[in-house]
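Here chain A shows up in two complexes: once beside chain B, once beside chain C.
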Partner chain A sequence: MDTLQYALRKLVTGIPLVLGVTFISFVLMVYFGPDKTYDLIGKNATPEQIAEIRADLGYDQPFFVRYGDYLRELVTLDFGYSDSTGERVSRILARTIPISLALTLPGFILGNALGVLLALIAGFFRGGLIDRAIMAGAVVGMSISFLIIIIGFQVLLSSSYGLNYFPVRGWEVYSLGDYLYYVTVPTLAIVFVSLGYNTRFYRAVVVEEMNRDHVRTARAFGTPPAKLLFRNVLRNAAIPIMTRIMFSIPLVVISGSLLIESYFGIPGVGKVTYDAITTGDQPILKAVVGATAVLFVLTLIATDVMYKVIDPRVSLK
Partner chain B sequence: MNATTTTEAAPAPRKQSESLWSKAVGKFLRDRWGMASLLVVLVYLGIALGVWAGLWGTDWNTLTPTINAEASAEHWFGTNRNGQDIFERAIFSTKTAFEIGLVVAILSTILGAVMGAISGFFAGRWPDEIILWLKGVLDSIPFYLFVAAVAFALQGYAFSMHVAMVATFWTTTARLVRAEVIRLKGFEFVEAAHALGVPELRIISRHIIPNTTHILLVQATITFVSAIKSEVILSFLGLGVKNGVSWGLMISESTNEVTTGFFNNFLAASAFLFVLVMAFNMFSDALQDALDPKKTG
Partner chain C sequence: MLNRTPRILSAAATAVALTTFAACGGGGQPQTKADGTPLKVYRHSMDGAPVNLDPVQSAVIYSNFVVLNTYDTLYSYKYLTRPYELKPNLAKALPDVSEDGLTYTIQLKEGSGFIDDPAFPDGKGREVVAQDFVYSIKRHFDPQNRSQGAWLWQGKIVGLDEWKENGADYGEDVEGLKALDDHTVQIKLVKPFPQLIYTLAMGFSGIVPREAVEKYGRELSVHPVGSGPFRMERFTTAKAVLVPNKNFRQEPVDLAAEGYDPELHGQFGLEAIDGKAPPFVDRLEIDFITETASRWASFTSDKEVQYSHVPVEQVDGVLASKDPITLKKEWSDRYFSYYGTEAGFVYTYFNMDRPALGTSDDPDTDAKNKALRCAMVDAFSWAERNARFYSGIGNVFPGVITPVVPEFDPETPRDSVTQDMDAARKALKDAGWTPETLPEITYGHVASVTNRQMFEQFRGFMVELGFPVDKVRGDSYATFGDFNKGIKTNKFDVGGLGWGLDYPDAENTLQLFYGPNHTPGSNNANYSNPEFDALYKQTAVMQPGPERTEIYRRMNQMVIDDCVALTGLSRTRIYLWHKNVIGLPDREILGGFWLKYVDVKTGDAE
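For the complex of A and B:
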């Protein structure tokens, strides 16, 4: 009951954040955004026709009425129709988001799991050769651009100049075999790009925990390394680790899939967003920005509530 | 403090007053990897300054009839599908990278320092609340979409990418500065300034911000790296560099070449970018180690 009350209170504090995000994206994309009037009318339009189109688009309305319309669209999840395909934006999103999740989730999970594992190993052998080798690898990983990784993996694994084991483009998934066939190279790219950052972050967390008295005591009592790392270190480091994972979910799903999908030609929400950016498809961009912001704020709240579940010491104030 | 060391009873005189800075410089000079990475960064800076002065990289846009040529004495890295010399383009792009990196790093560090100092100094009061809210809002918008939105709003304006990066990158710096300022506020020198009646704005600018310099320096190097890495992806998305050439534009034009087996453009741009980012990352780490008063030796 306490937890529920806490969650509701947090939900209320999230409202100014959502209002801020929607306001900024409205001002940038709609108010100062491109004027679509002349894309929609034919040649030699009369002033009446122009005025009619502008009224349809809501350009004759005052600023706050238009902002209110945008908020209403967000609440009702009704963003109108795509400029380029004419399909309902909500239907496009419903169709493409599952694809993006299926595409990015394996890499996201593996990238974090491997990061934690490497961080535990590096932290355990702190200052030693293994630690230094892992951290040097992390810096190298951090220094390679995502785009270079994507192109590199594609050439090495999917083209006739390399191993040619996997498809260059596309997403025709009807079975588990298909799925593995199409998801492998993007997953490798996602793991590779996130592993360096993850390992560095998690190592700092692990090292801090390793320095605590209770870990030293456990060590003195001869706790075997695996048990020490998983029970004494990892469980106590759960909060910063969870925070990082939760916070990166909305950004990874949108930003990560943006590049991967546009490069591999996978019809997920990232590809849709990429096309919307390049063609200036406002309804889609509005929907994606708004939805991501709401998702981010919800994640923020969920994370706060989860602290309580993970760690009973956190007080609900 | 000097008074105590010059009393008669003082033991062997200390060689020099050891400030954070002299200690940091000493530590940095002893850091072999740090010095090596600084050297690499300086070489790149030299290349960039040379391009800026018109000494080299002047032929980056010249078309030659040899298309997709292999590396040769005339074209060190070969030519791209337009017949432009890849080496010249990679060299010229160094200037572009420094332009973006320096502009974004300097502006967002200044903005982050000011916002962080205000928010930390007035912690818990309304200026802090507003800045925290603004940071939360900016952090909630996915970066690439924000850049796209800014590019929409500033259509045709060459600096829209810089504006978008500065607008998003300052938040991390501000968060760190805010925490440090809250810590500094409790120190005696700030209390003393208050007691002497120094105006608040002056306390912030003369007494508090200078004490966060070590954070700002490290953050500026991190922002520099983020800026040139983001440029690559933004240029690929068509939101980046508009006039001139950059490693990002080279990589995105190379996507059409790698499918037909010409890797020179891709490899040249990737190698230039990787070495600079790697050196800057290591430089940033060494700087952080040198400036961390908790680490000794």
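For the complex of A and C:
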């Protein structure tokens, strides 16, 4: 009951956050974003046609009328039609978000799981050769551009210059086999690029935990390394680890991965969002910004609730 | 702990096995028909993606390409004839034109059907009738549709502009656009418009059934309902999957009539389609791949897209010789190839409405500015532009009449495209310009590495000419829309642009310099020359012929002599395609029309 009350209270206090985010974003869209009018006009437009398009896009309305429309759209979850493709925004998101999730989730899970595992090993052997090797690998992973990693994996695994086992592009998923066929190379690229960042962050958390008295005591009592790492260290380091993972979720769900989607020809939400930003497709941008803000508020609440699950000493007030 | 190890190993082994299984056999849609025979699938690639598939908004080449395969047009182009030549498509024959050139009567073929779609009663596509054509053209003049093609017919068809002004009521007839009966269209023009027939071969004139517009509304843009050779099965920003429209009329290919020449085309196996009715493939997939590296990897993997043009960065690796263009043996062994000059050109215009380089009411200033522009033309090296950005295989030509149109004159003097720095410096000095008095000029471009490099190259030539480096400034725009806004609102003095021909007639590029088309129209240079404008008006009603060609060439020379632009270059495109594909790709005037002729050799046939 307390948890429910807390969640509702947090939900209410999240409203100003959503309003703030949407307002700032809308100011940026309207005053600093691309003007869609000149993307839509024909090759030989007249001033009248330009005025017609501006009116159709709603650009001739005062700012606050347009922002009011945005809030109404946010409440009714009806963002109308994309200014570029003419497709209903809700349909675009319903089609592309699941694809992006299916694409990025394996890499996200593996990247974090392996990151924690490597961080535990590095932390355990802190200062030693294994620690240094893992950290050197992490720095290498962080130093190589994502684009190079993608192209590198494509050449190695998907081209006639390499093994040519997997597709360069596409997303024709009708079975588990298809899914693994299309998701393997993107997942490897995601894991490769995220592992370095994750390992470094989690190692710092693990090292801090390793220095605590209770870990020292457990070691002194001869607790086996695996038990020590998983029970004494990981459990107590769970809060910062979970915080990092939870706050990555909205980005995984909404943003997808633009580069992965572009280079592998996968029709996910990342590409849709990028195109909307670069062309000033405001209906899509409004939906994505609004959904991200709401998702962040929900994540915030879920994270707080999970803190209590992980550590009963945490009080939800 | 010990008994967990086998479980972990087993999980890892399963993952490896699944991935191996995926690598060996996964991937995609069915490749065989229900009876087990292999499906004919052709995978095309394009270097950009269509955003909107409604014919009224098909200005972008990628949209037009798909629209021409899902919608029918009255006319199209002969598959293999070059220069491009029109032929009837849904129309029975070329139009019957009245003596005065004002009334066009067009008979439609009978029995051509729209695709089966829920928009129609019982989901069965009905026959295409003349009223559909009338409705489709009217849609361009309905302000709700944000038409990008209305300019083609604006002020040209009797009563159409008035129909728009009166509220675009589809129940109201337009005097100049009538369906005389189910299979006869009549178009009455305000004045002769010889290019009309070309416009009826463009995606803009794709025939849309009213039922589909009423059912799908704006979402017709992603749900094409036409009577073209294909039906859209699936469409995303990454890919379009099309299957044959089973209601498409059965018309066997007459290869000889399409312009087949055994010497030119014999190697491509096109004889196989002679006498057979297209479309030939069971599934047409078009991958939209903006990233060059990805497109090239997909093409050369030999199991994905079956067509690609050679990207600029691969030209040196693929070609054995640039003049004439020949492929290295390892590439010609693997792929079919063909090359041609684009139907369009790139140019850099000077904005005549801006004081820095433009025209002036004061004759001295006007003459001085013209001398400056001409010096800039002399200082610019098209040879270096071609070598640096177009692999040295672009076709540099003087003026704005491009090499692919019949009015092109190869004998036009090439001074305007030949760098002469000494003459440029002398002209500048003679006109009284000094580094101190030279104006500050802004060069607008879309933000990208290539565009930035093009600007820097331009600036380099100008600095060599005598401009202080800080007087030539770049004005970078994040998107094409913003850049276009900059052009249409006269924000900069110099701008680099490309123009794709809408039809193979020099009028289409000469109109870029016609005074009344000034910004926000297509005359981005805001060039205004009464003599040029008078000749343009004169030729606008003339049928093609030597007299019109002669006037076109005079107009071309005026643009050159007035130094309105650095112009121009038509890019050379090299097409490669897999050897199991029967076809001759084209992305120029013929564009999407060629895909209905493509065929694929299946395993048995090879």
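To be clear about the criterion, the second predicted complex is superposed on the first by the 277 of 317 C-alpha atoms of A that agree within 3 Å, B and C clash if a C-alpha of one lies under 4 Å from a C-alpha of the other, contacts with A are read in each partner's own complex, and residues count from 1 in each chain.
We adopt the following convention: a residue touches a chain if its C-beta (ideal position, glycine included) is under 8 Å from a C-beta of that chain, and two chains touch if they have at least 3 such contacts.
Keep in mind that this is a model prediction, so the values were computed, not measured.
When the two complexes are overlaid on their common chain A, residue A:N44 makes contact with chain C while staying clear of chain B. When both complexes are overlaid on chain A, the residue A:T278 reaches chain B and chain C alike.
Touch criterion met: A:R88 reaches chain C, while chain B stays clear of it. Contacts of A:L258 after superposition on the shared chain: chain B is touched, whereas chain C is not. Of the two partner chains, chain C is the only one touched by A:D56; chain B is not.
Applying the stated contact rule after C-alpha superposition, one finds that A:A238 touches neither chain B nor chain C. By the touch criterion defined above, A:Y181 lies against chain C but remains apart from chain B after alignment on the C-alpha atoms of chain A. Of the two partner chains placed by the overlay, only chain C lies in contact with A:W171; chain B stays clear of it. Contacts of A:I151 after superposition: both chain B and chain C are touched.
Considering which of chain B and chain C touches more of chain A, the answer is C. Common to the chain B-facing and chain C-facing surfaces of chain A are residues 34, 151, 154-155, 159, 161, 168, 262-263, 278, 280. Taken in their complex, chain B has these residues touching chain A: 133-134, 136-145, 148-150, 152-153, 155, 229, 232-233, 236-239, 248, 251-252, 254-255, 258-259, 261, 263, 266, 270, 273-274, 277-278, 281-282, 285.
Only residues 34-47, 49-50, 52-53, 56, 81, 84-88, 91, 95, 151, 154-155, 158-161, 164-172, 174-182, 184, 224, 226, 261-267, 271-272, 275, 278-280 of chain A touch chain C when the two sit together in their complex. Of all residues in chain C, only 1, 18-19, 21-29, 51-52, 54, 57, 59, 143-144, 146-151, 154, 218-222, 236-239, 287-291, 293-294, 297-298, 300-305, 478-482, 484-485, 488, 502, 511, 517, 520-522 touch chain A in the complex they form.
Within the complex formed with chain B, the chain A residues making contact are 16-17, 20-21, 24-25, 27-29, 32-34, 139-140, 142-148, 151-152, 154-155, 159, 161, 168, 250-251, 254-255, 258-259, 262-263, 273-274, 277-278, 280, 285, 288-289, 292-293, 296-297.
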